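In the two complexes below, chain A is the common chain; its partner is chain B in one and chain C in the other.
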Partner chain A sequence: MSKESVAVTGIGQTKHVAARRDVSIAGLVREAARRALEDAALTWADIDAVVIGKAPDFFEGVMMPELYLADALGAVGKPMLRVHTAGSVGGSTALVAANLVAARVHRTVLTLAYEKQSESNAMWGLSLPIPFQQPLLAGAGGFFAPHIRAYMRRSGAPDTVGSLVAYKDRRNALKNPYAHLHEHDITLEKVQSSPMLWDPIRYSETCPSSDGACAMVLTDRAGAARSPRPPAWMLGGAMRSEPTLFAGKDFVSPQAGKDCAADVYRQAGVADPRRDIDAVEMYVPFSWYEPMWLENLGFAEQGEGWKLTESGVTELDGDLPVNMSGGVLSTNPIGASGMIRFAEAALQVRGQAGEHQVDGARRVLGHAYGGGSQFFSMWLVGDRPPTS
Partner chain B sequence: MTREEAPGHREIAVVAFAQTDHRRTSDELSEVEMLMPVLHQVLDRTGLNTSDIGFTCSGSSDYLAGRAFSFTLALDGVGAWPPISESHVEMDGAWALYEAWTKLLTGDADTALVYSYGKSSPGSVRDVLTRQLDPYYVAPLWPDSVALAALQAQALIDRGETDEPALAQVAARNRADAAANSHAQLTGCVPQGEYVVRPLRTGDCPPVGDGAAAVILAAGERARQLCARPAWIRGIDHRIEAHGLGVRDLTDSPSARLAAERAGAFQRPVDTAELHAPFTAQEMILRKALRLGDSVTVNPSGGALAANPMMAAGLIRIGEAAARIHRGESDRALAHATSGPCLQQNLVAVLEGDPR
Partner chain C sequence: MPEVLKAPLVVEFPFTRSLGPVQSAFLTGLRERVVLGVRTGDGRTLVPPVEYDPVTAEELRDLVEVAPTGTVTTWAWNHAPRRGQPLDTPFGWALVRLDGADTSLLHALDAPGPDVLRTGMRVRIRWAAERSGAITDIACFEPYDGDPAESGAHSGEFEDTVTGIVAPARLDYTYSPGRAQSAYLGALSERRTVGERCPSCRKVYVPPRGACPTCGVATAEQVEVGPRGTVTTFCIVNIKAKNLDIEVPYVYAHIALDGADLALHGRIGGIPYDQVRMGLRVEPVWTPGARHPDHYRPTGEPDADYESYKELL
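For the complex of A and B:
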């Protein structure tokens, strides 16, 4: 028996900011959930199940917070699942929710991911001392900088490529009312002269710390038929994981990322991603990850990804726009960051992305990764239902 | 609107189960070292290798491990190379099994490895669990898990549904049955002891300990190839209740009843039930909500009163129920898992063996 088709009929997010002191965690998630329900023209009663995701519980200091959030998300009397797969969690959460529809367990599912970083300190949350283990003293930037350096050496990319990505993403964010950073006076010179944090990553080439939530309503064909606005259709979705460290691991272009993309393309019948996919919303927490993921996802040959960035292909009006929303570089409520990528892809094919809409976007890839470049989740959405 | 007909049309079964010997402490072992033998055992029972598994899903808690992303270390132990299709829930492994079940229903995989683990020994689990509560209004008061369970037990007593001697009988029966379970932590004749929090005595409370468990699921013919008598999952469902204890009737478990109904538990009687009831009064509440009569064998393993490794104890209930079907000791069994204060969230699975 074939799978049920999965459609996105509602999307909601909060205005991402450094600190939402005006709302509790429950208030934050409810705001995004209500917006997704309004978008889908549904009420809480229409929702069969809730699937929630977030990054480590230490980031807010609440253990298994889905228990406390059951009321705020209208989940009382319903199934509620809590996913946690590191930075990829926002994407994984959407895929777990999509499986409930695809497997015909439920018809309409609310999925949501959030982080309220202002409640705690993510840097320290990542740095709790464990006996006999190497501490991650420098946070995520210190972990990823050497891999970026490896990419630069391997590809021969000019030093300026990272700043081009940051400059593009921060300008795209100006067109997205939900983005955290709105740097109206941004210039390329400012990016290039910002302080060096983890060589070669400069301050303006890193993601911010945000409070924010993102929610989606996923439903089956019957649900999509009742949707007042055009749905986005899931054409393929996959997760892949590999170990953190092992001899032969390629941190620059991890095999799990390649395998995950290949699985999504197979499901969606994509032969040539560069030709068949119109835009990409990918998880780029540090600028250089744009060219690195372009190669990992098959949009460029190995060592060639930076050329797409440098030649303007990934600009909002380019041939393959990347991170139209402003990306993780402009908005980073960690647990929600993956779902925002997935939601942005859906917004684009629904034609609802407003000022950062890509004209004629019909197939858009949403991508998330986490851990030590080891957890990947992706989906490809389209403006038409899958044919098979 | 939820579908009325049974979801999917794919038969999925538990084909293998393994667990650690649960202990008060496992100082000498990391979580990965505790988990690895169980993974090897469950794979050995089916003859499968990690690379044969279509989907892997685990359950664990960073708060017990005391570090963020603790599950990544366990994944390194699984051997996720070449890369695997994998997911993780910050929940008891019973919910990881639920996610794996939906994955197999879609047809994307034919086999799944599910595991979960928890070490309570490094800290005070009573205090740690207070961090599950409403962070603004309840958690700052630090009401611990035993105190909340005592409120629930007292409510049941006040309603005239039980008394302390009856609670003591529940404790004694579980631990007597656990004597036949080599993995159990607290077995045999255990004194009820002093009050921990009135009306609960030491004997009414679960042992605090460390442990891990793993299960393999398989679909259709694959299940029959891997297991002589697969434990078919006829239904599985889970429901959550309000978080605020003040708005709940603590003497009842409507979420467990609804999950059981959705899982088809009431269509025909079960012969066995494995209930995840860490406290004696909770077994009574669950028996009532799940309509388990005296003819049903409840917790032949000794249940959570004999071994309660956090994050694994729910998955162990499913594993124990399935193992009885594998061994031909049960034909239709109910397995239950719980999470949150005072049975806030409940999962029910109905397992059946092929007719003999």
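For the complex of A and C:
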């Protein structure tokens, strides 16, 4: 029996900000879930199961938060699952939900991811003092900066490419009402003169710390037929993982990322991603990851990704827009960041991205990664149902 | 086989909680010696209150006051109170259904011993002398044989509401790095760096983890590597971390020790930070009593050729 087609008929986000002190975690997730239900014109009773994701429990210090959030998400008496794959969790959560529909286990699934980073300190949560180990670093920037230097060496990219990405994404965010950072006075010079934190990463080339949630309603063909707004259709979806550290690991372009993309393209019948895909929402927490992932995802040959960025191809009006929403560089509620990529990809093919809509976006890739570049999740969505 | 190391690992953090409207009213109420529940769609009163109806998922905002007296619905005796618990002498953990409520609240019940506790016994709140808007504003429950107290009819509206709390969390672990890391650390105390070779792919892991993550097989063959190595990539850290006693800027580098098949991480010294480069040849610098090399410094050899380390970034 073939798989059921999976449609996105509802999308909801909170306005992402540094601290949502007016709501509890329950209130935060509820807001995104309500908006997704309203978008799909459904009620809690129409939902068959809930699949929720977030980054490590340490980030807010609530152990197994999904138990406490069942009431807020209308999950009482229904299956509720929690997914956890570090920073990629928003993507993998959506894929677990999609698989439940594709496998005909459930017809309509609410999927949601969130983080309320203001309740803790992610830098602390990622830098526990492990006995017998030499403390050398704090936070994610120091971990990723050497890999960026490795990319610069390998590709010969000019030093300015990272600042171009940050400048683009922050300007795109101005067109997205849900984005956290709205830097109206942003200039390229400001990005390039911002303090060097973990050389070669500058302050303006790093993601913010956000409170936010993102939700989607995923449903089958019958559900999509009842949708009041155009659905987005899943054309392919895949997850891959690999160890954090192993002999031969390529941090610049991890094999698991390549394999994950290849699986998605095979499912969707994509022969040439550069030609067949109209836009990408990719997980770029540090600006240089845009050219790195362009190569990893097959949009450019190895060592050539920065040329797409430098020549303006990835601008909102370019030939392959990347992070039209402003991306992780403008909004980072960690657990939700992957789902926001997936949801923004779906918004584009539904033609509902508002000011940051790409004209004629018919096939858009959503991408997330997490951990030490060890978890990958991606989906390709289209404006038409899959043909097979 | 050398002894496997162990050490305490305490993870501790003061989490902040934004309360939202319902918990805000509940905790502000406790500060004012008022216990609030919330009314559900089917007419029940939930104490402690919740924000969303467990049956219908509808938002709940109808706050109602209940009495400070109630009935024990079940209990357990705590023989040995631990750090941070409500009482420091043995006490009962009790679920108490307050008069006017349909659900039970978990709290401590102060009693001389387990013999006096029983399901159905009547209790009342003993308020803390100093209250701040926290569940600990209820010091505990105590046995009570008077009449049910009258519940007031508080609206749930307060001045100067509590909107957030700090919830300190603490986890006590015993951490063990395992056999392979213990052997590695033992060798370091003799200022030798000893990795392990995978019997299948022949790669040398430093530090060793007892298994090859690629082949999924145990590693045992010990291989001494270094002491010299090559900086394969690095960053310059300009942020002073609270928990680190290292002056900034400093160079954090991936260092492939000679003979190792992946890089380990270390700090580079003995050279201005802005002169560190990929391919720099380095050696460890030890300080007395330290478990790890303090940092690595240039050996003075010519830089390694990129081709020789490009797989070890």
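Things to note:
Simple rule for what comes next: the second predicted complex is superposed on the first by the 383 of 388 C-alpha atoms of A that agree within 3 Å, B and C clash if a C-alpha of one lies under 4 Å from a C-alpha of the other, contacts with A are read in each partner's own complex, and residues count from 1 in each chain.
Keep in mind that, in the parts below, a residue touches a chain if its C-beta (ideal position, glycine included) is under 8 Å from a C-beta of that chain, and two chains touch if they have at least 3 such contacts.
Not measured: the values here are computed from a predicted model.
Of the two partner chains placed by the overlay, chain B and chain C both lie in contact with A:Phe246. Of the two partner chains, chain B is the only one that A:Ala256 touches; chain C does not reach it. Once the two complexes are laid over each other on the shared chain, residue contacts for A:Ala145 go to chain C alone; chain B is not touched. Of the two partner chains placed around the shared chain by superposition, chain C is the only one that A:Met196 touches, whereas chain B remains out of contact.
In the superposition on chain A, A:Arg362 contacts neither chain B nor chain C.
Applying the stated contact rule after C-alpha superposition, one finds that A:Arg221 touches neither chain B nor chain C.
Applying the stated contact rule after C-alpha superposition, one finds that A:Val76 touches each of chain B and chain C.
When the shared chain is aligned, chain B comes close enough to touch A:Ala238, but chain C does not. Looking at the shared chain after the overlay, A:Glu60 reaches both chain B and chain C.
Where the contact sets of chain A with chain B and with chain C meet, they give residues 24, 58, 60-61, 71, 76, 119, 125, 128, 130, 243, 245-246. Contact residues of chain A toward chain C in the complex are 19-24, 26-27, 30, 44, 58, 60-61, 71-74, 76, 116, 118-121, 124-125, 127-132, 134-139, 141-142, 145-150, 153-154, 195-201, 243, 245-249, 251-252.
The part of chain B that touches chain A in the complex is made up of residues 1-3, 7-10, 56, 61-63, 66-69, 71-73, 75-76, 79-91, 95, 98-99, 102-103, 105-107, 128-129, 131-136, 139, 237-244, 254-255, 258, 339-341, 344-345.
Within the complex formed with chain A, the chain C residues making contact are 5, 7-9, 11, 13, 15-21, 23, 50-57, 59, 163-164, 167, 169, 175, 177, 181, 185, 198, 201, 203-205, 212-214, 232-239, 241-244, 246, 249, 252-254, 261-262, 265-267, 278, 291-292, 306, 310-311, 313. Across the complex, chain B is touched by residues 1-3, 24-25, 46, 48, 55-71, 75-86, 92, 96, 99-100, 102-108, 119, 125-126, 128, 130, 238-246, 254-256, 259-260, 263, 371-372, 374-375 of chain A.
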